[in-house]
């Protein structure tokens, strides 16, 4: 895949690393000449120093043969004008960070896939860790009505040493999706026994989360 | 809950918003006087302008009665020294952003909950959107061996109009965890019929993801 | 008319002056706090300091009752996102400066009236003055095929003291549109006599301009 | 022609482009070393880094053989002193931007052709577009007593399908100068028929503009 | 006298001090707001913050009633445009510092009294001190053909204890103009005796300076 | 002569020019690397970039063989420490600019020749020009009790066409020292006739200056 | 004591703290207005914002009644000129930091007590810690020929449990000056027994240090 | 010894000088590229430009074979994180400057040798000089209960010409440790005679210091 990454900030650099490690051809555009030099030293990419909203810059970056363009700057205005010019040049897949929630609509209307407000996503993660330190990762479903989360079973939890059948979980509201034990994934069955240290991936309706958390962490 | 937030950057500000909206008492510490003034205008918090690694600054922020402290700056060194001083002052719950993966270890050893490298998390999300634009949200399990992801069923998908039983999914490797339809969550059963526009939350081993994605998006 | 002017640079300030002098209600938005203060001292306007691409800033500027919004910044990206948000808020008349010719298309598609590349317009005017110092003002027609221009008749010109009929101009290619003499406009007729110092407004096809210029300036 | 351009800002750069494209020899003087390097990369010109008010700098720029010098900086003081030194060195044709209307007099007295206040010209254009969005270009005559303007005929206008003779325009106050249709210029006669989409160039006394505009745009 | 001083740098501030101490009304104009505040604190003057080349700023400074205007900035271009605008406003006496020797001509032509290149004057003074440390002050006459200088008589000088008549100075080439002894001025006569420590003011043709210097300093 | 010049500002640069033109060996020390490069390009000197108060820097500048050192910076503290170190290194002739009148004493005690407050000298010159525009140059004697000044005789002056004897000047208080006519110096005698345009060098006690000025300028 | 502290950097601030805590009247002078404000908030002192080399600033700081003045800036030139002006004003006790070893001489000649090169002192301390981590504090005597140092006795040292007499130290070259045990000082006698954890203050000639260190730390 | 020095400020540079002069291998890490270049020019070291808290930077600096690492920056946070990473990499001897006294604890817990607050040490030295100008150097023992100090015997002191035995010092509270005379160290005995100019090193309990000082300085 031929990917143009716009912006060589923290997110841009991480994306460049991920994409080059997986064998994609990556061209980076940034307005800071120093960052461009730095990127070229660290990764096997071409870096173009200039304004990504200018047609000729995008053409220099190979827009005519690019499969995708991702804008990662903090400036929604630059991201939007860049993807519009990129679209004009025929790039199919367009993805953009969007800092202001209100702006997401404009991007979506132009057919751009967006990741809204990453700072807020990070903040929500931190907040979650604050609230329930035992939960490692989570994913919200149905606008918050349910959640899937990974929880580490503690020594003092009531569930340790019991099988799933013995737990008598409210079947309609929760589901044990998977258990990760010693770096391996176990598809749980009724007779699977819970052990101290297991990372259990649970689906639960919002009103059950508190209860389930307690069950597995004591 | 009485929470001290260190750093009023993008992540810090989002966290302040989330925490105050949910009724917590929040005190913010930042080295930039202008940012402090700005925060106080926008949110119902106390902002303290100063160096968070200084004991008296943390005491001014109410460290003695704080339940938690979260450091959100980009500077791992500042984050680390701040949480160490906070720990000394008796704050129980300590959470920190960590930019350099290598530093996470130092924080963990001190008993600090960390969110590693948020830029990388955002970059991975963007990369995923690039690869599979139909997938809305996802969560990695067992270090990447399996994944839970939300996928939007497209008109042209083979599954539309069929029940789960008819799909004959490989039971050991995949699981339909939930379906979100018209903002409501449906706990799926064998006779649940898939419709165009459904957001289906699926658990799948890594080797099955491609196949499942195709099934639901055509 | 209720007009929102975005950007308080040279062009923005001139526009504010023109619009307030003609009795319009003007609200200005600029990212520079000092410029805002300066504007408020000089003109009878409201100045809002902030990012014009943010919905709430435009609402503070009275977007819901504004008849028009004009973006005058040098940054096409900011101009575009601002007019898009303004459109979303229901402002009917949208006008924008556009620095990069390639970007004009994006603005036009969104229904925005544009003034393209003002620096180039100024440069063309200067170039014209260099080439034909006797020509005071001009307007290009049909993409340059013809021109209307104002020329000052010099003492030594052959036309001085002659009537238009005597000039025998090539009727199909040129037209004497008006003559300004002693601050008054004369609608020329065949027997109107040309005098030294007259400012003659001429329409001419491109290939005739040189010849006509000579005729009136000697 | 050998032209010295003082100032490599937006206007200066546009002028350089225009002048080199038309085959002139251009030397640029700017106080910013980076801008000089940038200009030399983009255009076939010589760029001299230095203070244009210094005699030796102008001599380095070839003042003794230059046909013309154009000052395009925003600083009237620099522009004035530069043209005075240039005049001393014998350059015949001197042209200058002038930002402050009050200063134009000083330049004119020294025999310098000026373009006054370009920002105001741009602002007036924008204001005009705001007021009468259907008018594309215009030129003021006799200090505003009359105007020549280009207007696009709309579908719903009363004039569509009629000949000029049928329009019965007030002959003393207005004149249809030209019509641009399908990129071609038509010299109008009494039997020329107006069509939807025509760009009509009209001369009109100020008090008639409103009426004429309505006639052609409905 | 009502004096407008343009520029509140080192020279401007010294001039303000001198002029106010001698009872003149002084108004200062400077582009630096802080300098204006500072001046107002130290001296009994009005300070106007702004661009002295702008007509309204000069009017605010009382140009219509000012007797004189002195420009003291290091920027010849600003000095020149300022005095031109001041002349237009009817200020009679115009004085200006001029940094570039080549520019002095332009100022003189406009009827401005100039002090050319003060840095060079200071440098020449320093050079003189280096060359003849015994000479305290000097003034060049006839473009350097002659000089008037003040010299301190040293103990070891041959002239000590002799009368002027005894010195037999070459009458056509030198002249003892005055002697300063114990803070008093003595108009010298033939029988005036020279003493150690006298400050003798001498007129001498250039070719005699060396010889005279030796005579008085040994 | 081997001269070290400290400081390459306006005064320093003028001094370098004067000294090199007269054949001296000059070494310059300045804290600004760019200024050093600039100086070396323009003049035939060695420039040393560094802190002139450091012994090794002065040694690099050739202090051991230097005949003189002149400090020309605006910073009295730097000037003083530099001359002290230079003295320690055995440089005989030390000359310094001194900005603050109070500091002159410290320099003099160390045996340094000083030029006090050049800005004030310039300001006094300007003030003099303001007061008596006809006086070209002047020199103060006895702390202001008397003055020697050069004055240009105007057409309308009463003295034109008269001999010195006819003028009946108060002999004890004034003295006509020299007359410069057509670039030549005339040693005046009783029968020398004053002409319009003569530059007369006059010695006068303070109380006579006004009267004399009037006599020669009308 | 009435003390003027010049410079409110790290050292200056520490000195202010020490001096005010011990009841002295302190006035601070610094060139940075912000630092002055900060100091006044934290300590009970008067802070004067300005250039300490200016006589009137020192007078404002109360130089006429001050007992001492300490200059703590990093700029030797400023420190020197300040103490010279202070001396002129009659301040008796003058102390200064000196950064450049070569400059210490100039200060000493003026009768100023100096602390030379504090950065080097700190570096030497660090180097000592590196070399002999067991040595806590030390003081050099006779230009390095001998040293007094404090050493912590380790468990494994041969001296533990022995009396001083049993140690048979070379009497001419070493001396046990004091022992600090449990925060108390013991004046050692022959029968004093050394214990693990004692901090022993030893005087030793340079050639004996290694040997003694080993004896006490094993 | 292979030493990594972190920070090339004043202290860092002094340490580099000391360590290289004594033959150690030194590698420096600093965040300022210019400082790195400067260091390499002056000393025989390797300088690495980068963030010392990053593992790979420390590895580039040779952490795996380094015997010691010393952090000399003013930023406790950077110092702490650096030594933690260094410890992780196996460097045995870790030394750090610590600016904030409160932070010393955190460093000590990690097994780092610290020099606390060097600015305060310097300030205390200055304060001591102020209080007792005759004392040259000193060292505090037992938290201030006793002191060892070097004092210069003045001409007017009562002790001059007397032997130690004659002084009858309170034996339990004071001890004459050494005398430095003519650059040589004398181990004092009862019959050693005190001379004017001797530098006497004395141990004394705090309550005796005043009395002893007087005895030796008069």
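General remarks:
Order of writing sets the labels: A, B, C, D, E, F, G and H. Residues in every chain begin at 1.
Methods note: a contact is a pair of C-beta atoms (placed from the backbone, for glycine too) under 8 Å apart; a residue touches a chain by one contact, two chains touch by 3 or more.
If you're wondering where the values come from, they're calculated on a predicted model, not measured in any experiment.
Counting C-beta pairs in contact, the pair that comes out ahead of the other among D-E and G-H is G-H.
Annotation: the C-D interface is duplicated by A-B among the options F-G, D-E or A-B, judged by over half of the residue-numbered contact pairs being identical. Chain D and chain H, compared by their mean Cα positions, are separated by 73 Å.
Work out the mean CA point of chain D and of chain F, and you get 52 Å between them.
The centroid of the Cα atoms in chain B and the matching centroid in chain D are 56 Å apart.
Chain contacts: chain H has no residue touching two or more partner chains. Ring order, beginning with chain B and continuing to chain H: B, H, G, F, E, D, C, A.
Residues 53-55, 75-78, 80-82, 84-85, 88, 100, 102-103, 105-106 of chain B are the ones that touch chain H when the two sit in their complex. Interface residues of chain A, counted against chain B in their complex, comprise 1, 3, 9-15, 17-19, 68, 70, 72, 74, 93, 95, 97, 99, 113, 115, 117-127, 129-130, 133, 137-143, 145-146, 148, 150, 172-173, 175, 177-178, 180, 183-185, 187, 199, 201, 203, 205.
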